[in-house]
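Below, each structure is written out as structure tokens.
Two complexes come next, and they have one chain in common, chain A, joined by chain B in the first and chain C in the second.
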Partner chain A sequence: MKLIEFSGDHLDVLRELMNIAVGNATASIADLLKAFGTMHIPKITISDITGLKQYIQDTIPSENSHYVTKQLFGGPLGGEFIFVITDESAINLGNHLYDIDAPNDADIYDAVIELTNILSATMISRLTEELNVKVQFFVPSTQIIKGNDLIDLDEAQGYVQVIIISTQMEFQNQNINGHIFILTKDAMIQSLKDLIDQKLEELYA
Partner chain B sequence: MKILVADDSKLARLSLMKIVKELEPSCEVIEADNGQIAIEKFQENSPSIVFLDLTMPIIDGYEALTQILEINPKAQVVVVTADIQSQAQAQVMALGAKMVIPKPISSEKMQTVLQQLVF
Partner chain C sequence: MTKLVDYPNILLDALEHGVMIVDEEFNVVYWNQWLEINTAHSYASMVGKSLLTFYPDIDYRTLQRKIRTTLRLNSPTFYDASLNNRFIPIPRNKITSSVLNTMQLQVTISPYVVEQRMVMIAVYDISDLHELKLKLQQQMKKIAQLNVELQHDKQIIDDNLLIVKTDGDFHIIEVSKAFNAFFGFKENELIGWPLQIIYSDKTPLSEYTHMKKTLQDLERWSGEIEILSKQSKALWMDAVVTPWIDHLGILSSYTAIYHDITDKKRLELLATTDPLTKLYNRYRFDEIFDITLMREHWKTGDSFALVIADIDHFKQINDAYGHQRGDEVLVCIAEVLRHTLREGDTLARWGGEEFIFLLPHVDARRAILVAEKLRVAVEQLNLFVNVQLSFGVSLFVAGDTQETLLNRADTALYKAKENGRNKVELL
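So, the complex of A and B:
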């Protein structure tokens, strides 16, 4: 299968649109937490599946346990939204959202899912709005993973090429820090490229 | 009228320039893709308005804003940012920006900015 190439202009458009999307998401979470968050510029990487595993291992510390929430989205643009937060940050999140000292496991799961829903809805919706398409979100699922082996090889089978959009959500005063990955693959990469081409045509018209 | 657009994203610069040109075809738009070049182009051209992104390489928007206002304390700098948190906006206003507007900028918003700052 021929790999799809993105030009500098394609990457610039994607980075800028994601920058806007991350700005919106940070503001939404800041409202939820009544706190100020640090925005991190999204990194865009095009890789094969081995590169994805390596990227995640380089980004996520191996010594922690993590709440990993995955949510699929589909439509003219499809992919997977992954939110990764350490167990310590997840407890702080539950603590902060429910205003209780020792949130139970159900509260923590609920808080992580809620945060992921807001993040994915805000970021993906903002991105797709800019690209003039609509997507459908599927129910997210959360699991606790020890270390940083977040990608299941069975899940990854058949992936030829992956676009990794990664950023960080950081609320320093609340000690809440999470990583966000948006993965899109194969045919959807071509869809994304086509949508960006349309955006560029509008710009140069 | 001269306008300086400083943003490391080509998409952001082109989008903003296109809106300005539609509203004010005679306007001369100068581009900068980092904070250092923005400061240099500001010194060379004395633009009526500077549209400044915050996250840029070499010198970021916060530092560029500070240096531009040191060169000309009356400079009209509009910060254009994806960070729409009120605290972030208050921070750049405290540094001396005339306005903070969220990305992506619309034609209507640009019209308001030009009317308030130039006409």
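So, the complex of A and C:
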């Protein structure tokens, strides 16, 4: 399969759109969860599946256990939204949302899902809104993973190319840190490129 | 007048999952048929009332936050469905399994009429899936426990049993820690070498060949074998070697388990050898004769010979040079006889200056030839005195016992002495 190439213009537009999306997400979290923090400028990388595994291993510390929430989104732009948060941050999040000293497992899982909902809805919705398309969100699922082995190469077959959009969020008062990965692959990359082309035409019209 | 059909409500009632429409204050606006049936609360009893009235125990703070998020983002929010259900309890009537008494729900809160602050809450019964997941988790837990036990057992085996694993060509691929420690090898030092490297040259080639043949026929081999430590110390081992057949019936490896029997062998040696000449004693010879050879030859019909040899004029040697020098002669003759014999032949000290031999797989001509070879070997010994042996040979025939064979060999020996000594006679 021929690899899809992104020009500098494509990447600039995508970066700009993601900056807007990240700003949107920060504001939504402040409003809905009463947590004030910052999100880093997203990094955009085009890779193969092995590169993705390596990228995640380089980004996520290997010594912690992590709550990893994955949520699929579908439509003209489809992919996978992954939110990774250390178990310590997840407990702090449960504390914050449920206002109790010792949140139980169900509280923590639900809190993580809730934060993921807000992050995915704001970031993806904002991105797709800018690209004039609609997406459908699927039910997210969370699992605890020891270390940073998030990608199973045996299971992740059929990926030729993947776009990684990653950022980090920090809520210092609540001591909550997380990593966000937005992944899209093959045909969806072409679709994203076409949508950015349309956006560029719009901008230069 | 045509009655207006309420298509959206018909659609909601036709769904195979629960749907309710509520506002931000939890007031129910719609309660579909699936919920009516499964919660036993009717549409009429729910609509216009607050969920709080019917379900006071659920976490309304969380629900309110999720509804607000849905309305604010105009995007669906979800409850986590991986642990216990946190939304309204709905009884479950499954009889054949009782893991869940209430349904495990997957809950999606979607924007409905945002301007009126209303959301649609869809509940899906995922109890079967959840049950399977719980069962799978239980099984995984059991597997994990078994793995821990297995690792523990493996550790005990590795630390305590002398085990060597080879590939199908008898090249060593794995050695237990205990084996390495016992024989003084470093970890991985033996890996890749042929198995034969650990066996001493005292192990007869025929034994080794027999072992290989048995294993290649995919049968278990057991026997006694001498192994050399790294410091070249020979240790006797009781060995059991088993071919390992994979699920396709193909040989994949061999596993040898050894047990140290050096002390047992030492005692056995004391009980079965003559202390002076180190040859087998009479007891051991009888044992070999009775148990092994007689049985084998009755089976196969093969023939074998019994040979008795006596040192000519040994009394004169003792009288002339003393018993100590006489013993030296006995030791030297024993040594030369041992080295002249064929592999598989048995030699023992029969008593005094007599030796006895068992020569398997021979006919009369061959038996005489072997005895002649032995006679010449002794004759050519360069000792302080000339020594010679007389030989009596008897060949096994059907119906023979040890006694009859011995009698004939004795008579033949007598004949050899009569005929001038240093001779071989057959009877």
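Definition applied: the second predicted complex is superposed on the first by the 202 of 205 C-alpha atoms of A that agree within 3 Å, B and C clash if a C-alpha of one lies under 4 Å from a C-alpha of the other, contacts with A are read in each partner's own complex, and residues count from 1 in each chain.
In this text, contacts are C-beta pairs under 8 Å (C-beta built on N, C-alpha and C of every residue); 3 or more make two chains touch, one makes a residue touch a chain.
What you see is a predicted model; the values in this text were computed from it and never measured.
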Chain C versus chain B on the shared chain A, clash or fit after superposition: fit
Chain B versus chain C as contact partner of A:L3, first or second or both or neither: neither
Touching partner for A:Y98 - first (chain B), second (chain C), both, neither: second
Which superposed partner A:D110 touches (first chain B, second chain C, both, neither): second
Touched partner set for A:V139, first chain B, second chain C, both or neither: second
First, second, both or neither for A:L32, with chain B first and chain C second: second
Partner chain(s) touched by A:E16 [first = chain B, second = chain C, both, neither]: first
Touched partner set for A:A121, first chain B, second chain C, both or neither: second
Chain B versus chain C - smallest C-alpha distance in the overlay, whole Å: 15
Chain A partner contacts - residues on chain C that touch it in the complex: 59, 61-62, 65-66, 68-69, 72-84, 86, 106, 108
Residues of chain A defined as touching chain C within the complex: 28, 31-33, 97-98, 105-106, 109-110, 112-114, 117-118, 121-122, 125, 137, 139-143
Interface residues, chain A side, partner chain B - complex: 9, 12-13, 15-17, 19-20, 22-24, 26-27, 30, 36-37, 39, 41, 130, 199, 203-204
Interfacial residue positions of chain B with respect to chain A in the complex: 9-12, 14-15, 18, 55, 81-85, 87-88, 102-104
